[in-house]
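Take a look at the structures below.
Here come two complexes built around chain A, the first alongside chain B, the second alongside chain C.
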Partner chain A sequence: MQKYSRELSVAIVLALLLLVMAVAAPAFYDPQPLLSRLAREAPTLIVACGVALVMVAREIDISIGSIFALCGVCAGLLAGSGWPLIAVFGAVVVLGAVLGAMNGALVAGLRLPSIVVTLATMVILREGLRWKQQGAFINLPDAWQWFGLSQRGGQWALIAGALIILAVLAWASRHLAGGRFLYAVGSNAEAARLAGLRPRWITLAVFVFMGALAGLAALLNVVQSPQVDPKSGTGLELKAIAAAVVGGVAVSGGRGNLWGVFVGVLLLACINPALTYLHVEAYWEKAIQGAIILLAVIFDGLRNRRATN
Partner chain B sequence: MATLLELRNVTKSFGAVRALRGVSFALEEGEVHALLGENGAGKSTLIKVITGAYALDDGEIQIGGQSVSHLTPARARALGIACIYQQPALFPDLSVAENIALRLEKTSPLHTVGWAARRTRARELLHRIGAEIDPAAEVRTLSMPEQQLVEIACALGAGAHVVIMDEPTASLTQKEQHLLFAVVRDLRAHGVGVIYISHRLEEIFALADRVTVLRDGESVGTNPVDEINESALIKMMVGREVTAIYPPAQSAPGASRLTLKKVGCSQSGVHGIDLELRAGEIVGMAGLVGAGRTELARILFGLTPADTGEIQLGGQAVQITDPRSAIAHGIAYVPEDRRRHGVILEMPIAANTTMAIHAQIFPGTWLRSTAERQLTLDFIRDLGVKTAGPQAPGGSLSGGNQQKIALARWLATKPKVLILDEPTQGVDVGAKSEIYKIIRHLAAEGLAVLMISSDLPEVLGMSDRVLVMRGGTIVAEFPHGVDAHDVMAAALGQKKEAA
Partner chain C sequence: MKRFLSLALCASLAILSACNKSPESGSSNASGGKKLTIALMPKSKGNAYFISCKAGADEAAKELNVDLLFDGPTDPDPAKQNEIIENWTTLGVDVIAAACENKEGISTALKKARSKGIKVVTYDSDANPDARDFFVNQATPEGIAETLMDEAARLTDSEGEFAIITASLTAANMNEWRKHIEARLAEKYPKMKLVDTKPCDDLKDKAQAEATNLMSAYPNLKLIMAICSPAVPGAAEAVKQAGKTGAVKVIGLGLPSENRKYVHEGVTQSVVLWKTKDLGYLTIHAAADLANGQLKPGAKEYNAGRLGTLKIEGDSIVLGKPFIFNKDNIDQFDF
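Now for the complex of A and B:
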């Protein structure tokens, strides 16, 4: 249990917040708005899982918001030209993977720092998209919204889909060779290389995977509205990284758990509606989120200091 | 002549390790005093005590006849002690004049910089030691010896009476050495005392006035160089009893497992290696730090692949281009720095144990956790690892137990050739003898073992054959039972006839 104390302590904070809401503002739990809020967080959860894995491998990817937007626009354009859902699904995941491979090749192949590489691709992709779309929204065919289901059904489908992906990734990170390799390379790349692993291929792979997840998340976002916003995903990278950090993923690599990331996503997602229901000015949302991130990092810092002493 | 520096009965311990046990040492004005000893004899600790980097546990330091307590690095500098390290600690992007100024200038009240004065001063100091270096040059454009000269200029500028040089010639060419020697002799003529650390005996005889030999943290003796010869010095360095904790060889070596023919790698400076390892044999590799032993291991493991010569495994010529191909060929390498390269401290013991055999433990799809757990438990039992269990993190183990896990990872690959680099470094005595037993047992089971070690008694006690490296190649081979003196003489490059 001590091993998961970090994840548990965040879960306790979340539980306390939910308890306070249950007492002070029971309206927080009204089913329909709650369902909508959760469905809106489904893409964030998927992206946060991806970036958590990137961070476990001791890299970072801040271009995911731009990849997300680009994949969303592509999905909209393809859907408009009559592609069936499943083909669009495949196309955006591949597109995301290709964009991720571009990041990965620069980071692993040329050994460039990932923060700089993905900062550059973030700006390039975002500005390229702005030049192409000029901010114009793309209308989706009617049958697309909520996968053609009812709103309620669609929302449930999104939430279930995101949870399934979370569960599969959490299991895979512990039980598949690829997951083990990520932790090994993120903890100590040189030791991993001496044990016969190929750290650079693993780094490339995690970026490709991140891109594919960003593409998938984009699709889950697109189906939630009748139009595709080309500016969607702005700030998504920070939201995802923040959730991962709050959930106990170490920026220094090798440490983290996707269930912790799940709790982190939920906690950060609760702040805004909680403030609304408690009639606190929503201006405080970002400040409170920042404070939570800071607390998480301080907690980790103290913990590491105790561990080394 | 006045005594510049005197140490009396200096003691320094790190935990249970007694690095210095009552060392006395004196440096006179205008003297070059050489300090000699094996790896780990206490030279570095002694230097750090003198420069104030370590506080001593017991004993006394006198500088210029005054007893000094609580010596700090700043205090030592103020009292005229300067140290020139093998790798000069200069700022590469600043000019020579700026580097000198950083050491010597006091900040003016307004933090203004007198550029002209700064350059003039640098020029004067460099001129005094006969160095032709442009004060405006960026340090990164200077050669290693030039950087050392800048360090010496700093020392002089600071008015140092005691200059410590730690293996200053390790990376110098012959010509550069002569230049450095001239500077050292000039310092001596000006009354500066020089403490000169070197493994090269010929330098000591060419340059020093007196020589002190350290062994196991004790001073074995101080002699004027013209009253002692090389052979006597080596005897002083190695005169240690080989204790009987080494298990004896059990069987005669079998078939050839690994053969090297004229193997070299220009990148790591290893050349002309001829070597044969046979099944069931432990071959010890002795030599000084920097002799190329670890570099040879890295060639065999494909980290810096060989660019000349031929490597044969079981009679077949093979190309080892990366660690994966080495592993595929049945070579295992337990690296020297286990905390950095051996065990992944954050990961569980089980994951560490199976790190090199993931193809078996993740056969195609998912982790066989029961197989992993069983394998780890077997190793924990067989190697006597003291741990809470397979899921305890690697960092929770003691040094000796970490080393056993590093070993387990490689034994799990069922290797034919096992390369051990400093297998007992930082391991306590009890765990040491356990590791020796394991190594001997592995050899008895038919493994060919190459054991690199700077612990001379260990090499002599464990090895069926002892090889000695120096300057990137193998210079001598001895059978089991060889005298420590002969091995040390070969490692130091002393001529055979003189031994």
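Now for the complex of A and C:
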């Protein structure tokens, strides 16, 4: 129980917020907007899971918003030129993985700090896209929205897809060798190496995986609207990293649980709508999000001090 | 002055040598023999907005019989803009008309051009006042705000709740518009109520999420006014997905091309913007008349060909009230 105290405390905060909403603004639970909000967070959840794994391996990836945007634009262009869904799906996942491999090769191969490498690729990809698209939207074929399902069916499919990925990753990170390696490398790379692991390959692999997840998330975002905004995903990296931190993933590596990340995503996703429903001015939104992140980090700091004492 | 004298000399020679020439053709082409060369610069060349401006510029150039150069960076790049202006200065064009990406950055290059006797006008976005003769202003903040507010009132019979989606709560131009929207609201529409203003970070997806929440949090909401361009289709998609097409109206400031689908489906009622073609036309018209002395500093009005007589406020020539794109006319515009 002690081990999961952090995840539990975030879950309690979320439960309290949901309770307040139930009393103060029951319209918060109206089915249509609720379903729409959850579907909208499905891509965020996938990206947050990916970045949490990167953080567990003691790296960071802030280029994910740009990879997300680039994959979204590619999905739109390919769909427009008549590619079937499954082919576009494959293409964007591979594209994401290749972009992730670029980050991974620079970080693991040249031993460059991941914050600097991904800062650079974030800017390069984002500006490249701006140059190419000039901010113009891409129209999707009609049958593309919601994968051709009904609106409600499509939204459920998105939510279910994201939850399945979460569950699989949460299980795999705990029980499969590859998952355990991430924790080993993130806790102590040198010890992991002495134990026979190859930390640099593991680092490369986690960046490739992150890129692929960002590509997948981009596709799940694209199908929610008939037009692709090439600016989409701006700020997604902060949202995902914040959710991971709030959910108990340690920036210093080696610690974190994807179910905690799930609760973190939900908590941060609720703040903004909650303010709208409570008729609080939007000026507070970012301040409150910042305060929650700060509290999470302070909590971690205190716990680490207790542990070392 | 030297330039003016030589122009005057040329003009008088032209009139002497061709007495039968009508005075209109003489005034639009003052040098008689030599055609005016006007250089037009967009913020970026590939942008649909500026391509549409250029269509109007071509029209004016043809009408006034002037040569038009069109060049700019491929992506919005202040350094590249300066480079092109310096080339034009060396080339010795008669007038430079520029949409400025960076006010400070471009002003030095424009001032240098002026010191060489080249006339300068700016359009769309201004440079420093001492770097140009006139600014062709597509719309004043009051004009934009009043058009949006009046259109909102017209669509809701001047009563009920509405909400605004903006890009950010700190964007200076949008805060200026919001100030004027609220002033117009207080002054003319007492039965309407602005219930909330949400930022969407200039992202369509976030605008969609905000609009979804707004409609549910304010069940009596009758209209969403989106004052940044990605928010207009974003809000429209939210209204459509909520099944509230027609019940919650959508208006906004944006490009016709991004909103055509929703306007035809009846989700978005009106999109407000200026006619970019007219902006290009007016820019070239004013540039030509500046060069041939028809338009002088201090003028209060300006007769701009097919656009009629326009007001000059200080040293900005105002294109007029913004244009409202709706179901009936949106297909005539391709930007």
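Here is the rule we go by: the second predicted complex is superposed on the first by the 309 of 309 C-alpha atoms of A that agree within 3 Å, B and C clash if a C-alpha of one lies under 4 Å from a C-alpha of the other, contacts with A are read in each partner's own complex, and residues count from 1 in each chain.
To be clear about the criterion, a residue touches a chain if its C-beta (ideal position, glycine included) is under 8 Å from a C-beta of that chain, and two chains touch if they have at least 3 such contacts.
From a predicted model like this one, the values you see are computed outputs, not experimental measurements.
After alignment on the shared chain A, the placement of chain B and chain C results in a side-by-side fit free of clashes. In the superposed model, A:Q32 makes contact with chain C only, not with chain B.
Judged by the touch definition given at the top, the superposed model places A:A143 against neither chain B nor chain C. Contacts of A:I12 after superposition on the shared chain: neither chain B nor chain C is touched. Chain A is touched at more residues by one of its partners, and among chain B and chain C that partner is C. Looking at the shared chain after the overlay, A:A287 reaches neither chain B nor chain C. In the superposition on chain A, A:Y277 makes contact with chain C only, not with chain B. In the superposition on chain A, A:K231 makes contact with chain C only, not with chain B.
In the superposed model, A:N221 makes contact with chain C only, not with chain B. For the pair chain B and chain C, the model built by superposing on chain A gives 37 Å as the shortest CA-CA distance. Chain B makes touch with chain A in their complex at residues 301, 303, 323-324, 327, 333, 335, 340-347, 351, 355-356, 358, 362, 365-367, 369, 409. Across the complex, chain A meets chain B through its residues 174-177, 180-181, 183-184, 187-188, 190-198, 254-255. Remark: chain A residues 25, 27-28, 30, 32-33, 36-37, 40, 130-131, 134-137, 139, 151, 221, 224-227, 229, 231-232, 234-235, 272-273, 276-277, 279, 281-283 touch chain C in the complex. Those residues of chain C whose C-beta lies close enough to touch chain A in the complex are 44, 46-48, 74-75, 169, 195-199, 201-205, 208-210, 212-217, 219, 230, 233-234, 237-238, 241-243, 258, 261.
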